[in-house]
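Okay, got some structures for you below.
Two complexes follow with chain A in common, the first pairing it with chain B and the second with chain C.
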Partner chain A sequence: MFADQFINAIGTGVMLGSIYAALALGLAVTFGLLHIPNIAHPAFVIAGAYVVAMGNSYGLDPLLVALLALAPFYVAGLGFYEFYARVFERRGSADTMNALTLFFGVSLVLETLLLMRFGTNQQSVSVGYVGQSLTIGLLSLPYRLLVPALLAPVMVAALWLYLRHTHTGIAVRAVAHDERALSVSGIDPRWIKRHAFGIAAATAVVAGAALIIIGPVDPFGGRLQIGRAFAVVVLAGMGSIPGTIAAGILIGVSEALVSAFASPSWAPAVAFSILLATLALRPQGLFGARR
Partner chain B sequence: MTSKTSTLPAVRPARPAGSRLTNVRSLAFILGALAIFAVGVFLTRAVENPFFFFASYIIIQYVALATGWNVLGGYAGYINFGAAAFYGVGAYTGALLLKAFDAPVLLCLPVAAAVGGVLGLLMGYMTLRVQGVYFAIATIALVVMAHTLVLNTDYLGGASGLALMPPEAPAWAGGQVQFLFLVMLGTAIFAVAVARWIEVSWVGRGFRALRASEEAAECAGVPTFRLKLAACAISGAILSMTGAPLVFYASFIEPETVFGLALALNAIAMPLIGGKKSWPGPVIGAILLGTVQQGATITISSELNILLVGVVLIAVVAVAPDGILGLLDRFKKGNRA
Partner chain C sequence: MNRLVIENLNAGYGSVAVLHDVCMEVRESEFVALLGTNGNGKSTLLNTILGFVRPQGGRILLDWDGQTIDLARLQPHEIVNAGVALVPEGRRLVPNLTVEENLILAGSCPRAKDQISRNLDFCYTTFPLLKERRAQQASTMSGGQQQLLAIARALMTSPRIMLIDEPSVGLAPIVVGQVFEAVRELQTTQKLTILMAEQSFFQAVDLASRAYVLSHGHIIRAIDRAVEQIDPEDLRAAMMGLEHS
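Our next item is the complex of A and B:
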C-alpha cells in the first residue's frame, strides 16, 4: 500500500513538475535572461487558459487552440514590452521597484477583466482522453497529466535549441549582459527584448493549455502560480533554460509527496518554502553561475 | 585605533543646522495629532449614526496600513506585495489572544506589533541580501504561506472563519464601534508619528542616502543592511498592529478577507497615489482612495472597484511616479520659473 502510494506520488510529481517548467518558461526568458521581473506572466498563463477554454467550447482541441493562439500572444507580448519600455526605459532608469508595481497592476487588471467577463465560475475543457489513465504495474498515469507533461519538455527543448543555435537566439541571451556591444554589432537591443517578450507571452498560451487540461482554472489561479513560476526560475538558476525542467520536477515531486503523505491543503506552501530556502541558502540556483 | 581616524564622517552628524525649526515643527505635529484625536473623541459624542464610525474605521485603517507600507516601500524603496500577510497575521494574533485569554484590544495591539516586527525581520533577513526583486516575490509568498497556515489550523477556524464575542467596550467610549473607531484613530496617529520620526531623524537621512545609491551610502558609513532590516521590522509591526483590532470591530474574521486582494492592492496604491516620499503622501492617498471606495461600494461592484484602483495604479506608476504630492511640487516649481 505504501509503495503504491509512494510510486504514484512520484509519478504525479514528475508530471506536474514538467508542467510547472512550462509555466515558468516565459519567466525564465523575461526574468532569467532579460532581468525584467514580469510578475504578470502567470496572469498571461491564466488568460491563455481562458482562450483555450473558449476555443474548446467550439469543439476545437485544446492543443490546436494553443497552436493557433501562439501568434496573437506573441504580438500581445510585443505590445506589452513596448508599453513597459515607453514607460521605463525612456525615462532613463529602469526602476525595478516601479516596474514590479506596474506588472502587479497589469496582472490585477487582467484577472479582474477575466472575472467580470466570465464570472467566478471555473473554466474547463472537455477532451476525449481526460478521465483515462495509462497503467504500468503499480503506476497509474492519468492522461490529463501525461499529455501536458510530455508537451512541456518539447517546448523547453525547442526554445533552448533556438536560443543556442540561432543568431537572434544568441542575441536574446546577450542583451542583458551588454546592450552596447549588441548595438555595435548592428542589432537593435530594443527589438531583441521585444522579440523575447513576444516569445515569453507565446509560451504562456501553451502553458495555459497545459494548466486547463489538468483541471479547472479560475481567474485568480495565477496568484498561486507566481510562487511556483519564480521558484522554478530561481531554483533552476537565473537564465538556465534546461534547468527549468529539473527544478520543476523537484518542486512537483515535493508537492505531490506532501499532498500524499500530509494533506493536499499544505501543497500551496511547498513551492514558496522551496523558493525562500533557495534564496537563503543557494541564491545562484542549481545550475546558475554565482553573480 | 589610528586607522579609524581616516574614515569618512558617518551619516549621523551633530544636529543639523535647522534643528530649532525641526523642533518647532515637531511640536506643531504633536499638537496637531492631539487635536485630531480630540476631534475623534468629540465625534463619538456628537455623531449618532453608527455607520459613520464603521466607514471611518475602514478609512482610518487604510491610513495606518498605507503609512506602515510606506516605511519600507517609500523610504527604503522595497515593494511589499504582502501587506495582507502582515495584516492577516495581526488580525489572527488579535483573534487568538481574544479566544484564548479574553485579552482586551489594547493588549492585542502591542503583541500583534511584536509578532509582525519579528516576521518582517525574518523576511528581510532571508531575502534582502540577494536583490530587491526577490524580497518582493517573497512577500507574495508570505501571503500564501500565512493563508495556508490559517486554513490548516482548526483552532483558528480554518476556511470557515472564526466568530468571537469581543468584550464590552469601556463605558466612557459610548459604544463598541465608537471605541474601536478611537482605537484605530490612535493606531493611525501612532503609525504616522513613527513614520514622521523616521523621516526627520538620522534614520531617514540614511534611507535617503540608501535610495540614492546603495554603494555610495555603504561607503559613507551608512549601515545599509541594518537600516533595511529596521524598515522591514517597523513596517511589519505597523501593518500587523493595524490588523489586531479587526476581530473586535467585526466579531468575525475569515482568511479570504484578511489575506484578500483588496487589502494588498490598497496598501500599495494609496502611498503611490498620494506620494511615497514623505508621510503626508500615504495619509492623503488613503483618505482619498478610502473615502471614494467607501462611497463607491454602494454604487459599483467590488470587481469594478478593484479594476479602477488597478488602472489608476498603472497610470500613476507610468505618468506620476511621485504621486499627488509630486505633481503639486512640479506645479509649484513650474509657477516659480
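Our next item is the complex of A and C:
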C-alpha cells in the first residue's frame, strides 16, 4: 500500500535524521564553530556506545549511563584538544590538513583499542522498550528509533541556549572569528577552545547511546558516519546549531524515501547529492551566515 | 605613584628589531600621546605592552596600588586582567556578535565580571548610540560606531590604563573628531589613564598632557606640555625623521 509505505518512510526518516543530528552535533561545535575538522568524532561516538554497553551490562539504563559519562567524556575532550594544541597550535602550524591527519590517527587508535579490549563482536544493549512500537493510525514508530530520536532535540536545545545566553557560550561563538578579540576582552582563547572541545566530546556519549539503542555496534561503526556527519554540519551551515536538526532530518527523510521506493543501496549517495545541490544554490548552507 | 613603566624595551618580529631601548612612563590619570608616522613602531609598542609581541629585552612594569606586576611574563588575556586594556588597530571586534554581546564578552573577564552590569550601564550612558544598537551585529555598523564600540569594550574590562591604537585610521575627518571628543570626555570626567598612538598628531597633541615621538623604533622626543610650548613645525620635522636627536 503506497500511502502506508510513504508515511512510514517519512516517520522513519525523521527519526533517523534526528539521530544523525545527534551524531553530528559535536562536529558542529569542533568543525562548525572552532574550524577544527575533528574526523575522530564518530569514533568518539562509538567509544561512547561501548561505554553505554558496558554500563548496561551491569543493568543500568543506557540513557543513565550516558548522563553519568558526560563528565568523563568532557574531560577526555579537554585532553584531546590539549594534545592537538601542543602538537600544532602552539607551534603555529595548525591547519586543516594537519588536524585531519592527527584526528584520523586518533580515530584509528580508538578503534584499535576497542578491538583489543572487546574483540570484533558487536556490542548491544538490552532495554525493555526495544521491539515495541508506538502506532498512530498508519504510522508505526519503533521505540528503538523513537527514544534515540528524542535525544537530539534535547541536546541541540540545551547547547543552543548555552551558546546564546551564557558568557562562556558567547566566547565559544566568538573564538573562531578572532582569537585576538578574545585576548583583548581578557578571555583566554585556548581555554575557551579546550572547553568547547570538551562539550563536543560530551555530546558523543549521548550520540553513542542513541546509536547502540538502535542496534548493535562494532569498533568500526564510526566510519560509516564520518561522511554523513560532515554533510550534516556543512548542510546546516557552519556554526549553526539548530540547523543540524533540519539538515539531519532532510538527509534522513531523503534516505528513507530512496530506500523505500528505489533501493536501499542508493541511500548512502543521498546525503552528498543533497549537500552538493544545496551548496550550489546556497554556499553558506541552509542556516549559515554569509561571510 | 601608580604608573606603567617601560624600561629599555627592545622588541620585534623574529630577527627584525623594531623597538630599540624604548623608555617611557604613563602615570595615573594622565593622557599621553605616542606620536609617529606609519611604520615607526607605535603599534608594535602597544602590542608588546599587551603581550602580543614578546620583548627581547627590557622591562614592562605595572606599578599600581603598591604592587609591581611584570607584564612581560604574562599572556595577553592576563595583562588585560591586570588592568591594561587595548583598543586595537583595526578594532578587532567579533563581527558575528551583537554590540551587547561584544561588550558582555569583555565584561565577563575575571577582572571585571563582578561589575559587569555597572560597567554596561556606564558604557550605555556614555555612548547612547551603542544602547540604541545593542542588538545589531557589530560588523554591520559604520567605522566610527565600531571605534566607539571598541573603546566601550575596553572600558568593560575595568581598566587601570587604556591603550588606544590609531583610532583615526580609516575614518572620515568629522568622525575622527567625534571619536577624539569621546576619548577626551572620558579622560576628563573619569580621570581615565590613556596612552594613545596616533599619527594625526595635531589633534592628538591637543588632547594629551605629555607626548612621546617614536621614529624608527627610538623615542626621539619626550614632550611635557606643562613645562614647554610645542612648536608644530619642529614636531612635524621630528616625526618625519628630518632630524635626529
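Descriptive notes on the structure:
FYI, the second predicted complex is superposed on the first by the 281 of 291 C-alpha atoms of A that agree within 3 Å, B and C clash if a C-alpha of one lies under 4 Å from a C-alpha of the other, contacts with A are read in each partner's own complex, and residues count from 1 in each chain.
As a working rule, a residue touches a chain if its C-beta (ideal position, glycine included) is under 8 Å from a C-beta of that chain, and two chains touch if they have at least 3 such contacts.
Note that the structure is a prediction, hence the values are computed from the model and not measured.
When both complexes are superposed on chain A, chain B and chain C end up sitting side by side without clashing. Once chain A of one complex is fitted onto chain A of the other, the partner contacts of A:186 are limited to chain C, with no touch recorded for chain B.
Using the contact criterion defined above for the overlaid structures, shared-chain residue A:276 touches chain B, although it does not reach chain C.
In the superposition on chain A, A:153 makes contact with neither chain B nor chain C.
With both structures placed on the common chain, the touch criterion links A:177 to chain C but leaves chain B unconnected.
With both structures placed on the common chain, the touch criterion links A:242 to neither chain B nor chain C. Between the Cα centres of chain B and chain C, as seen from that of chain A, there is an angle of 90°, stated in steps of 10.
Touch counts on chain A: comparing chain C and chain B, the chain ahead is B. When the shared chain is aligned, chain B comes close enough to touch A:108, but chain C does not.
Residue contacts after overlaying the shared chain place A:167 against chain C, while chain B stays out of touching range. Taking every C-alpha of chain B against every C-alpha of chain C after the fit on chain A, the minimum distance is 18 Å. Comparing the two complexes, no residue of chain A contacts chain B in one case and chain C in the other.
Considering their complex, residues 167, 170-171, 173-174, 177-178, 180-189, 289 of chain A touch chain C. Those residues of chain B whose C-beta lies close enough to touch chain A in the complex are 73, 77-79, 81, 126-127, 129-130, 132-134, 136-138, 140-142, 144-145, 147-149, 151-152, 261, 265, 268, 272, 303-304, 306-307, 310-311, 313-314, 317-318, 321.
Put simply, chain A touches chain B in their complex at residues 31, 37, 39, 87, 95-98, 100-102, 104-106, 108-109, 112-113, 115-116, 220, 223-224, 226-227, 230, 234, 263, 265-266, 268-269, 272-273, 275-276, 279-280, 283. Residues of chain C that touch chain A in their complex: 50-52, 75-78, 80-81, 85-86, 88, 92-97, 101, 104-106, 108-113, 153-154, 156-157.
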